Amino acid sequence: MTSVISEIRKDYLYNLMLRGERGDGRSFDGYREISIQRGLIEKAEGSALVKLGKTQVLVGVKMQPGEPFADSPDRGVIITNAELVPLASPLFEPGPPNEVGIELARLVDRGVRESKSLDLKSLCIVPGEKVWIIFIDVHILDDCGNIMDASSIGAIAALLNTIVPAKKFGLGEDYPLEVKDVPIATTAMEFGGVILFDPDSDEEPIASTKMTVISTADGRICGMQKSGTGMLATDQVYRIVDIACERAREIREKFLEV
Amino acid sequence: MIFMEEKISFIKDGLRLDGRRPDELRPIKIEVGVLARADGSCYVEMGKNRVIAAVYGPREVHPRHLQEVTRAIVRYRYNMASFSVEERRRPGPDRRSYELSKVGREALEPVILTSYYPRSVIDVFVEILQADAGTRTAGINAASVALADAGIPMRGLISSCAAGKVGGEIVLDPMKEEDNFGDADMPIAMTPSGEITLLQMDGGLTIDEFHEAMELAKSGCRQIYEVQRKVLIERYSQLEGERGEQAEVTACD
Amino acid sequence: MTSVISEIRKDYLYNLMLRGERGDGRSFDGYREISIQRGLIEKAEGSALVKLGKTQVLVGVKMQPGEPFADSPDRGVIITNAELVPLASPLFEPGPPNEVGIELARLVDRGVRESKSLDLKSLCIVPGEKVWIIFIDVHILDDCGNIMDASSIGAIAALLNTIVPAKKFGLGEDYPLEVKDVPIATTAMEFGGVILFDPDSDEEPIASTKMTVISTADGRICGMQKSGTGMLATDQVYRIVDIACERAREIREKFLEV
Amino acid sequence: MIFMEEKISFIKDGLRLDGRRPDELRPIKIEVGVLARADGSCYVEMGKNRVIAAVYGPREVHPRHLQEVTRAIVRYRYNMASFSVEERRRPGPDRRSYELSKVGREALEPVILTSYYPRSVIDVFVEILQADAGTRTAGINAASVALADAGIPMRGLISSCAAGKVGGEIVLDPMKEEDNFGDADMPIAMTPSGEITLLQMDGGLTIDEFHEAMELAKSGCRQIYEVQRKVLIERYSQLEGERGEQAEVTACD
Amino acid sequence: MIFMEEKISFIKDGLRLDGRRPDELRPIKIEVGVLARADGSCYVEMGKNRVIAAVYGPREVHPRHLQEVTRAIVRYRYNMASFSVEERRRPGPDRRSYELSKVGREALEPVILTSYYPRSVIDVFVEILQADAGTRTAGINAASVALADAGIPMRGLISSCAAGKVGGEIVLDPMKEEDNFGDADMPIAMTPSGEITLLQMDGGLTIDEFHEAMELAKSGCRQIYEVQRKVLIERYSQLEGERGEQAEVTACD
Amino acid sequence: MTSVISEIRKDYLYNLMLRGERGDGRSFDGYREISIQRGLIEKAEGSALVKLGKTQVLVGVKMQPGEPFADSPDRGVIITNAELVPLASPLFEPGPPNEVGIELARLVDRGVRESKSLDLKSLCIVPGEKVWIIFIDVHILDDCGNIMDASSIGAIAALLNTIVPAKKFGLGEDYPLEVKDVPIATTAMEFGGVILFDPDSDEEPIASTKMTVISTADGRICGMQKSGTGMLATDQVYRIVDIACERAREIREKFLEV
């Protein structure tokens, strides 16, 4: 049953694509509507609820003093975690993160880290002893496709909204967390030679390959990840990267510039 | 009940620390149909508590050996987001969430007509996005509406609310400070006709105080029931009209 | 097969109840025989083997100095755990405690804690640094019904029998643990409108609802828990609470008064 | 073998620290049929060791894929209660319990007629309530009697006992101090006809000492076998007489 | 990218710290058929990396519900030995190994003709015996040859290699210091005809640098492919000749 | 299918044995060829790849300073672990060590420990505070039978090859780890009254009993373990022990004497 329906949907979407169309009328490189609601979780130091079409992701940032890693005694610590809770999709199961959740968390983490959006040295309190630990917790609420990009937007939006809770720990007055760059992940999928950006939950199951590109405000690439069991020609990769950086710029300017 | 060094005066001039009367609920807000993937869903705010519930099913049971021949099984998962509390908590269930998942399931199952769907499962997922005393009752209220939204046949809605004892007085719907430093906390859940499906208590109550707390908690449940009912009616009339829009109702007492 | 037999037993017990009787001849609010053997485990600081009819529960109390919780630096710590080992019932499985075991442990813990039977402040050794940790370990040996009440009786009996091992840790002479109250849990089940106390393993499977009430020496309620997938009318709840406090008083006086 | 700072004199005037002769067992007490839910059960005290064993089965195998077409599988779970040792241990199995569960099962399985019950499982659960050196042997002794009590067909009872080397001498059934500070420990289990089903050793023994220890341990097993047998005979005659009473026999040496 | 206190000069007189040119691979050594139990196996050294891969299958799927009706599933397990890195790591998978197992599988699956073996599984196990930057690519190279050795039908071999940016320059196959203190790392895998099956990047690259790194990494893959091919050809001619001997080819550049 | 083949193999091997022969032509108490390659893993403080016939086991030794156990404050710590990774056999499964892996690790550990081959007191750095932790990690690569003996040989060979990494931790110059004895495990299996040493992977499945004897350079026994669901007569045990010590001596002299 399921497979019959999915075959029919696959055919339908494929025929649409041959005519240059998508199920919801978007262009191949167009994104669904984006909205960002910051500060929903007062108990978190920063938070953002991102809606990307019907996809909903809530990101909370918590901060507390803790020990630095031995190999970077004068730098703060970032810990990123993603919960793909079964509330969000019939396909998610309870339990510790599986490889999809782990890959998502590690990609979000890589975006924040490699873009150098946080100055980890400024998060040192006492070198070798006490630094700020920043927990970025991604909580998927409704998976209607492309939770990767929604999570990435949510993470940086929550960080932009974060107040360092210095007072609570006797470390002076609270102050806004300094964010030096705004990395944005954009994801494309490939199916039958066609490249689509921001796939929704109808399109994702027919993708053989997805590719995520994370780019910074100055147009540099700071992270990439191909996933899925298909392959991409080099020129497809180059094209995805070009469009990805362009889309990231638009999203950054529209929603996240301060 | 955590210990308190100094005596807090919980009630002053007949009003509580947050300005409520002893028999007054915190502001409550309920939205139904907030998630697209779930079969039914509901978002609830009770004071600063923010919880969301989703229902999936009736659907196939995995693993199979959990299947029951004559009825649907009900699963209920209470889960706190890492950022929902003052100090970040590690993700994943702890002993408290296992207990609250059990009592949450047992609060709802009495009204679900499980015999309609043999060999299947009804999954209820409750996510606590922000916690401020009373998450188990807020979660049950959300789950009850989400079950209705998913079209699961029920004997009636379940409404849930706590009463507590603070500063020597019985109060309705204790918030964080009252829960932390109070003398007793007693969450209940009930059907529209007043049958009890959840009852927990810890602290210290005389039999008379217990009776008083019970009646007060029941009155709280009745008020919540009215909001739940109103939200669902609007949702259905709206669905008949426009189809697919979200309903939102805010009610304070 | 199993279900045929259980249907027959259900019918049989139901018909008995209609005539006001129980399988073993007890009244609806009567308890099975209780015996308590203290001190069986010399290696524990306190211990009690409780027999409630054929149900057997062994509770051991161990004490050692440790760190207090950050939010109560001058108070001792109680950690309660219950092992429903597969030796005790064909229905128990190896592995970490499931929700039934967790609920049991948390209820036993609540009884000790909320009754204030232990003065946690007196268990502080060095404020903020070192306090007594009390481990209450409930080991179910034979589940012939109502392990809740047997465990609760076992816990307080073991505490009443506990010697603080001060000498072993260089903290002066050993002394008996001070126990300020004797909380007793009593459990009733509901089936077809009938309320039965202290259900045995024949009766428990037919219960739709159980309710446990924990009460203190001065007749106050310090804990309650409804469990099971049924419901109770308010007057049923009130009746259970009344009888529960009465039964608890009898058990306390007969077996636990010092 | 833990290290010892000062030399302890383990044997004085031919007697050990607890007054036993080198070839003497600690007092042993065996009770059969001590649990109502289990199909067979047994309680054993050997010195300060207190262990209880239960047998369930033959019964259905879960999960199914463990099932064997031509015989019953045997499972054996050695578990220590948290309060059984000097310093409270965390509940749940550690590496030592996994090993002792394996060797315990392999000590008993040789005499169980597993081919009588294809596709089923015989579950043996051993709980160590108090530990004082020799829990694995005490557990095997209890499990063997519990298997008989459950009516599981066996080629014979298994009896188990250790020999050790302390202060240069080979001794029977070492207690805690002898085990901690001794030179070698060698637990064995055997059938009534003397076949070895368990053999472990650690420490240091010459070949001659090993032979001596082996013969001594075997004599210990024979003594234990007599107690096991006596208890089971009384149990059966009692069952024929009164039905359902517990048998208790205490035997020292 | 770990932070570096002092500026290291990564390239001096056109050569890297280990004497390589920017577009030069580390010495590579490939042996095929190194394990007797596995259906296919391969040992790879790339610089100081030592990895071994085994393939089992096509074989039955356990647990069953993972089975696919129309094709074989592919499993890939990347595992580091405890002693493979500077500071001993705890055994068992961490988040990094889960990710590398996923991308490793997705690098190979595109060329495996899984439809030939419905309802079965092809298991690929990669053990990192010593790690020195580039273990994921070394593992994929070993796994690809092991799949061929196991006779699994494939559209072509997969070859894998990283390019990086250090000291402002794009270099091939970064070793440990270059990876730790460099500006970017970009591992890829590709088919003989140049299609990309793995692509990861972290650090910072302009679009132009990215293009340069891509072309360099592809040239590295082509060199590795030649070694893989040569080793397999020798293996097969050898098998035809003597049967059962091990093939070994060492190639640098 | 599998069982038909295994029945046939069993018959074949049994008939061979009746004629006093083994599948590969060895005598009943003969070992397969042994080779030891030390130092393969430069990142480990010591390592050895042991080949016993086609069986391959890699053992790595890592050392780092750490805390001593409370009950032996002036002694180093040995931690032995065995990974039976699924690469090595179709019968091994991913996941934490099962009882076979645990038994193997504990036997290897017992050999090293009980033979007193390491002077734990000499591994103390600051009594009660800092001692050397020695991790012995056994990684099975190819299980063609008798991984027990291969692991035991690998462990002591790796230790004989270990350099204490004092310099890395600011504790003076590096120096070779002192090894005071060379314990060797030898394993026999029993089948139909016949005793075979060093069983290969064809022979192991038909064994009803195995017995491992670990002996030291001076011919003392420092560890024994019977495994498997069969039993042994006392004279069989005595015979195994005699041959085991003899074989161990030969292996020690040929491969491990320094």
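Read from first to last, the chains carry the letters A, B, C, D, E and F; within each, the first residue is number 1.
Simple rule for what comes next: contacts are C-beta pairs under 8 Å (C-beta built on N, C-alpha and C of every residue); 3 or more make two chains touch, one makes a residue touch a chain.
What you are looking at is a predicted structure, and each value in this text was computed from that prediction instead of being measured.
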Shortest chain-hopping distance from chain E out to chain F: 1
Mutual neighbours - chains that touch chain A and chain C alike: B
Centroid comparison with chain E (C-alpha atoms), farthest chain: C
From the options E-F, D-F or A-B, the pair that copies B-C, where over half of the contact pairs coincide: D-F
Furthest chain, CA centroid comparison against chain A: D
Separation of chain C from chain E, taking each centre as the mean of its C-alpha atoms, in whole Å: 58
Interchain centroid distance [CA atoms averaged], chain B/chain D, Å: 52
Centre-to-centre distance between chain F and chain C (centres being mean Cα positions), rounded to whole Å: 49
Computed distance of Cα centres, chain D from chain C, in Å: 31
Multi-partner residues of chain C (each touching 2 or more other chains): none
Chain E, residues touching no fewer than two other chains: none
Arrangement of touching chains [line / ring / star / complete / other]: ring
Ring walk, chain A to chain E and onward: A, E, F, D, C, B
Contact footprint of chain A on chain B as seen in their complex: 35-38, 48, 50, 52-54, 56, 59, 77, 79, 81-88, 91-92, 123, 125-127, 129-132
Residues of chain F that touch chain D when the two form their complex: 71-72, 75, 97-100, 102-103, 105-106, 110, 113-115, 120, 211, 216, 219-234, 237-238, 241-242, 245
Residue ranges of chain D touching chain F (in the complex, touch as defined): 1-3, 95-96, 98-99, 101-103, 105-106, 109-110, 186, 191, 194-207, 210-211, 214, 218
Contacting residues of chain C [partner chain D, same complex]: 40-44, 47, 54, 56, 58, 60-62, 64, 81, 83, 85-90, 94, 96, 135, 137, 139, 141-144, 201
